[in-house]
Each structure stands twice: as structure tokens, then as C-alpha cells.
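Next come two complexes, and both contain chain A; in the first it sits with chain B, in the second with chain C.
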Partner chain A sequence: MEKKNVILSLYPTTKLLMILLIAVSVFIIPSYLYAYAMFLVCLVIAAMGNVTKEFANLTIKGLFSLCILIFVLQSFFYPGTHVLWEWGFLAIKQEGIHFGLTLTSKVIAVGSSLILFFRITPVKDFVYSLEVMGLSPKATYVVLSTLTIIPEMKKSSQVIMDAQKTRGVETEGSLMVRLKALLPMITPLVLSSVASTEERAMALEARAFTVNKRKTSIYSIEKTGRDSFIRVLLLVLLILLIVWRVAL
Partner chain B sequence: MKRGLKHDFSLIAIMLIPIGVGLNVAIAQLVQILRLPIWLDAIGTIVAAMVAGPWVGLVTGGSTNLVKSIFTPTELPFALSSMAIGFTVGMLSKKGMFKNFGKTIVSCLIVTVIAVLISTPIIVWVYGGISGSSASAMTAVLLASGQRLVQAVITSMGLLELIDKSTSVILAYIIVNKMSDRYLSKHNYTQSFIKSNKKSKVA
Partner chain C sequence: MSYIELKGISYKYPVGDEKVLKDISLSLEKGKVYALIGANGAGKTTICNLIRGFIPHFFKGDLDGEMLIEGRDIREWEMGDLAQKMGYIFQNPFTQISGTKDTVFEEIAFGLENLRVEVPVIKERVAEIIKLFGLESLQEKNPQQLSGGQRQRVSLASIMVMDPEILIIDEPTSQLDPQATEEVFKIINIMKQRGKTIILVEHKIELIAEYADRVILVEDGKVAMKGKTKDILSDIKAMDHGILLPQYALLGYEMQKNDRLHEIPVTESEAIGVFTKWMAGKEN
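Take a look at the complex of A and B:
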């Protein structure tokens, strides 16, 4: 079912090129209207890939709140002379609003394209395509195991916290009390996870991880004709953008 | 013992990279649960760099921000500063700057200076001075009182980074000293942490 989706079934590096074009084009075309339009483009692609909900969720939580903050503060504090509105020492300046719009539009365009990329591309596929291009399997291991270790570690930190609480470590109260709780929380977490690296290293060594031979993969994804078509299309778009910029 | 870019990435050092990234994220979350006013989001990087050297530290710092940027892309530019922190701590460890507590305090200052030097241009150029962290409120206050942008960012970042990075480095120092000699001896940069070495010097 997933394979049939127009966007999701593309080869990872094709998706990457697509996202890169969106992100880079923001710097080719300086207008902030264009950059905000790129956010809409990302939204459309997200809708085509059936990931609108997650995409919207992450952009609103991660990007919009920050951008509103940047925009408000810039419009107040950016040096300028065209004062639009004044109250006490606070003054909104036209230059500030313009700078705020330009800046936030770029942050939103680049940020949302990055979010989009990881919504439509499973990290496994992305790393696989990099390995085909010649990335060392060690790097692949680092990326993939990091992604599995993080949730595991969050869980074990919760367990350690509960364990230390039952042993009488105070986790609520004044700042000093909470600071003191830090060391008994962190130490077991670090020591236990670091100790596990030894076992992991031995387990991988036993499976010939460090052998200098080409490794085969049980997982594979293929490029299709559509990928080359979209790549050519992207190249044409890039040239058009540059021409547009130079002509203007 | 051979050190350097080619020799640093032994298998056990590579295993440390995901652990370091995981620790960064998990400890940052713990700090949030404890409602502490600092981030402590680099302890994993610092531990990895202390034990396995500058290059592993650099990669750990960089991958931390890459992984974070999957969910919050605004973290991506700060990969540079994380990488610099990892590299600096690794170099300090190589030079034996974590041999005792006094030297560790000096290292804290060096790490803070590097962190501020790298983060300030990123905050100013990429985000126009406001990065949405707790330092931003202070930056805004300083801006309102008439300070220039770069100065305001350096002041607010400097103060917060000093507290944050010093706490991180000291915590990492305490923790690495608690690791067993047997484990430490497998890494290239741990001479100053191994207890049997310390005792023989005293005697």
C-alpha cells in the first residue's frame, strides 16, 4: 500500500534533492512571500504523502512558536527609524517587521522542508541509500542504533528516577534540592549505558562487523524511471529559479 | 598508544557515539522533569570526548544535533557548536586537563568560551539574536536597555553557558572517575582517569 504512494515510493536521495531544492531556493529568491509559499509547497507534498497530520503537528510545535517569538522581538528591537506604534520604551519599527518577516520566512521554509523530509523518508531507507553511495557501514550502525537507543534510554532514565525516589532522593522542592537530585539520577544512567557498550562491541565483533569486505544487505530499495524524471524536473526548476533571479 | 583520526574510531569507541547521543537527549529530558533552569544537553558528548578523544567527541556532538533536528530542525545550526564542544573536551582530555579538580575547573572555562564563540555567530546570523532558548529573554532585556545585538547575545549566552557547561563538565568528570579501570583501559584517552595510575604517582 505504501509502495503505491506517489511521494513515499520515491528513492530517498530523490526526495533529498527535492527538499534541498526547496531549502536552497529560499536563498536564491530573496522575497519572503516566496519563502512562505515554499511552506505551502511542503504542506502540499505532505498531503500527497499522507503525512499532513504529523507534519502540521511538528511544524506548529517546533517552528511556529519560535518564529512568532523571533518576529515579535525583532519588530520591537531591530534598529530602525520608521516607528509604526509606540508604548513607553517599546516601539514597533517598519524595518523590524520587514527583517522579522524575511528571517522567519527562511527559518520556516528550511525548517519545514527538513521536517517534511524525515516524515516522508524512513531513516532506514535514507541511510541505506547513503550506504549504497559509499557511506561506511559503521556510520550506518551509529545512525540506526542511535535512533533505537534514545527511546530506550528515556525509558531507563524514568526507571532510575523512580528507583531513586523510592530510596529517598528528593526530586521536588527548592532549586537546591532538585539540583542535588541530579547526580544520583545521572550517574547510574551513564554508567549502566556505558557498560553496555562492551557487550555490544563483542556481539558485533562476533558477527564480523569490522571485517573489511563488502557487506550485503537484506534490505533493498530500487530506483525507478520516475526518479530520474523527477531529478531532471528538479534540475530544470533550479535553472529556472536562477534565471528568474538573474533576470530580475 | 596510537592516537589520531585513524586510530580513534575503534569499535568500542564507535559504540560510545550512540550512547553519548542517547545520554544527551535523556539527561536533557531528566533536567526538564526536575525543572532545573539549565539545559545539560551535552553531558553525553562530554563523557564520550573525555574517554574516546576529540574526533569521537566531535562526531557525537554533531550526530546529537542531527538526530534532534529530525523533530526540531531549528537545532541543526547548533551542530557546529556541539561539534566544537566535543572536540575541545577531547583535546583537553588529551592534554591531561582533567587530571584533578583544579584543572577541570580551568577546562570548564575553556569549554564555555568555545561554546559562546561558536554559538553567538549562529544565533546572530541565523536567528537574528533570538533562538527561543532561555537566554533569549535575557537578550531581549539587554536589547531593550540599549545594548548592541552581538554584545547582548554574548552577555546572556556567556552567563548561561558558563553555568550550564561548567555543571556538565564537572558532572561528566565525576562520572568518568567512577568508571572501572577495566573499562577505561580500553579507550585511548583515559590515562588521567585510571585509578591505578593515580595511586602509583602518589606513592
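Take a look at the complex of A and C:
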């Protein structure tokens, strides 16, 4: 990772504060336009950190399709009186649209800021900063294992899928076909993940992981003057947001 | 006082209602290589977990009998002291990578960081191990991207760098190809030369014949046979416990039917010795 990069070279907790401010601000400022704008802010930060492609991929593929679903459901089923369009028992209501916009804008703002955080912060740096803050090895292990189990599960699900493909189970094609292929996969996946978590915990123990509360580290990252500057800036922004909210 | 001693050990896991170890007594000496052999489910891994103290510190369950390391009961040992005294290499090469390090060098350093060793000392010791095990070409690689065999060698290095006196190695090569197996055994041999006490679970009987000093045959939670490698692996009775003897020993028994061999060989070099002598006898 390019260490000179203006975003990537920030200290992990500075990045976290930045992301938290974005996520929290959508609850300070109620407007959905503001919340949608936060997605653009995330996109700009992603671009500055050279992670636009991964960020856009995850948000558009995952988050947006989820939000379109939420939006459609809300506009039809949210209770309301201002009917805009009707067909049989289906009716789109103004209240539903408004609620749908508010809800999805918040989901998108919070979701994309979280995705952004893990795009611009290597897990290793994040864990390092947590340990420096004095978080116990047991707690960091929880963070770690959750973060490492996801790619691991992805890998083993691929292995199981391939095995099923060779046995003639259709794993590609329409959503229905894929869902059908998914079901017999879940049991071995969950079982193997549980078993490997136990072994992983013992393997960490074999490396004296829980022996000392504090550790030494051959890897180190440090806060710079820019971190302090950004932190002050974030604080100022937070105050401005609160003032804006009160003045509204 | 023995170095490692099991006295009348019986054990039942918290889940499952049968005892998986039944009245096991063993006495292990310092600096020897012990091979644990036996069918799947016999209890070999459980014995490893017990010696390392994962039973009872990690797995609860019902433990009877005495498990002593240097005369001190395993229950009285601190987990931290056990971590330094005994290294453990697991069967699965894919669960032993810490998952937080992005170079092999840092991965190997992980245990020493946990033990609070000073940074310059860590760097020195890691570099030394990398050289000893010939891992130079891997040291800048991401551990997540290594093959099974490479991971197993890195796991061995990660444990060896902590300089434990005792090494417990559970089926290190069961998921590896012959080439990678050989590489791993080269490393195990280096550890043996360094005087480590090694407890090795392995199915490849030829490798056991070559590297182990003593063999312990486990069957259904009990010790069925134990003794010098040569005595056990040339003993036809081991076949009754589901162990396939080394090729050389089988060949020896085959020849024994017609002719007298002065001994049953178990390794290649012994076979060469025995058969050369046999042929010399024929010529006379």
C-alpha cells in the first residue's frame, strides 16, 4: 500500500473518527438529500485513497440492490393516505416514498462509510491501533477472527461449490438455481467454520497469543501532525453540524 | 523423574459420552523422537492435546490420572509457561496462519511479539530461523497466498523461533504431496539434531522408521504397543493392530519363509545391510 497517499497514510483511528463522523452526521441532519450526499463524500475519499473501484463495486452491487428492495417495499407497504398511484391492491403512497428515501439514504450513508473504512484501512493497521489503545488480546481476537473468517468462508464455500459442480449440482445460472445450490452447502460450511475456529484459537494459543496483555511489535505505524490536524477539523465539523441542526 | 509422564490417564471430552483415553501410562525421555501411530479416531490428537495442556486448560471434560511435565502436574502449569516450553504444529496448514500479518517474516515473528521479546532480538532470531529452514524465497510473501506445504514449513518455523524444548507435531504432512512432505521432514530432522524432544503423529510408516527413536501404537484410546522403533516396526504383531509394516520389513518376512535372515530390516539402510549379508551367506 502506498504510504505517501493522503488518505491511506492516516492513522487508523483518525480514519475511524472520520468515518464515524460521516455515519453519525446523517442522524444529526435529518434531510435525506444530505445523507445521499454523504455517499458522494465517501466516493471522493475513496478516489483520493485510490480504492474507487473496490469501493464502487461493493456499494453498488451490495448496498444499492438492498436499498432498491427496501425502497420498493416501503413505498408500497408503508401506511399512508396520499396515494400517488394504484393498481389493484398495490398502492404507492407519498408517505411511503418519503420514508423509503429517508431509510435508504441512512442505510447507504452508514453502509458505504463502513465499507470505505475497511477499504482504506488494512486489518493489520486497525488491530495494531486497537492494541496500542490497550484493548486486550481477547477482544482483538474477536475483531480479528470475525474479519478473517469472512474471506476464509468465501474460500471454503468456493471449494464446496466446486465439489458440488463435479457431482453435477447446478451452481450457476438464475437466482433460483443458485439458491437451490446454496442450501446443501450451508451445513458443511458452518460445521467446518466452527471446527476451524476452535483449531484457530488453539493455534493462536500455541503462539502464546494470550500470554501477555501488552506485546512488542516489529511493525509500527505512527500518528503524524496531519492526524492531529484532521482530528481538529473533524471536531470543528461536528460542532458546525450541531449548530446547523439547532439553527434548522 | 521422567521428563514427560502420563500415569493412568483417562479422559472424556465434554461432548460425547465415551472415554477417548483409557488408562494410559507413558514415560517420555528428553531429547528423543516419539512417533504416535494408530488408526483415525484412536486418540492420538487427544494425547497431543493432553501433553500440551490444551486438556484441561482449553478443553474441559473429565480427566483422571496424572499428567506430569518435569514432575509437575499439568494443572499447575501456567498457560504462558507451557506456550514457551512446548511448540504445537497442527494437522491443518490452513488454520495456523495468524491472519493479521502480511509477510512471512512478520508471521514468524508473531509468537516472539506475544512473548514481549525486544524488537531487535526478534528480527535477529527470525532471520536466523529463515536461514536455517531455507525459507529466504518466501520471507516477503503474504502467508495467505502460500501453498499447503509452504504454510506447514512456515508454521514449523513460527513455532521453532520460540525455541521450545518439546515439539508436538500432529500429522504435519497428511495434506501434502511427497515433495512437500520431504521438505517438512528435512526440517523435523534439523530439530531432532538440535536435541528437541519430539512427539510426532504420522501415518507414513517409512518416515517413522527413518526418524523416530520410539514408537507408541495407540488403539481405541489405549496403548497397544510401545518400544524401540526397530522392535515395533519389525514386529508382525503390529499388523494385528492395523499397522502396515515398512516395505523392507514385509519383504524381510516374505524372505524369512524360505530362508533365515538374521534380522528384519525397517529402514532402507538396514535393508541394504541385511540383504548384503544374506547374499554373502548365499555365495558361501
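Some points to look at:
Keep this in mind: the second predicted complex is superposed on the first by the 170 of 248 C-alpha atoms of A that agree within 3 Å, B and C clash if a C-alpha of one lies under 4 Å from a C-alpha of the other, contacts with A are read in each partner's own complex, and residues count from 1 in each chain.
Note that a contact is a pair of C-beta atoms (placed from the backbone, for glycine too) under 8 Å apart; a residue touches a chain by one contact, two chains touch by 3 or more.
Model, not experiment: these values are computed from the prediction.
Looking at the shared chain after the overlay, A:114 reaches chain B, while chain C stays out of its contact range.
When both complexes are overlaid on chain A, the residue A:228 reaches neither chain B nor chain C. By the touch criterion stated above, A:205 is placed in contact with chain B and with chain C alike.
Looking at the shared chain after the overlay, A:178 reaches chain B, while chain C stays out of its contact range. Number of chain A residues touched is higher for B, counting chain B against chain C.
Once the two complexes are laid over each other on the shared chain, residue contacts for A:217 go to chain C alone; chain B is not touched. In the superposition on chain A, contact of A:186 is made with chain B only, not with chain C. In the superposed pair of complexes, A:124 makes contact with chain C only, with no contact to chain B. Of the two partner chains, neither chain B nor chain C is touched by A:31. Under the contact criterion defined above, the residues of chain A that touch both chain B in one complex and chain C in the other are 123, 145, 196, 200-201, 204-205, 209-210.
The part of chain A that touches chain B in the complex is made up of residues 58, 62-63, 65-66, 69-70, 73-74, 76-78, 89-90, 99-100, 103, 107, 110-112, 114-115, 118, 123, 138, 141-143, 145-147, 149-150, 152-154, 156-157, 161, 171, 175, 178-179, 181-183, 185-187, 189-191, 193-198, 200-201, 204-205, 209-210. Put simply, chain A touches chain C in their complex at residues 122-124, 127, 137, 144-145, 148, 196, 199-212, 214-219. The touching residues of chain B, when paired with chain A in their complex, are 9, 11-12, 14-19, 21-23, 25-27, 29-31, 33-37, 40, 43-44, 47, 51, 59, 63, 67, 69-74, 76, 126-132, 136, 140, 143-144, 149, 171, 174-175, 178-179, 183, 186. Those residues of chain C that touch chain A in the shared complex are 52, 54, 58, 79-80, 83-84, 87-90, 92, 94-96, 98-102, 106, 109-119, 122-123, 158-159, 162.
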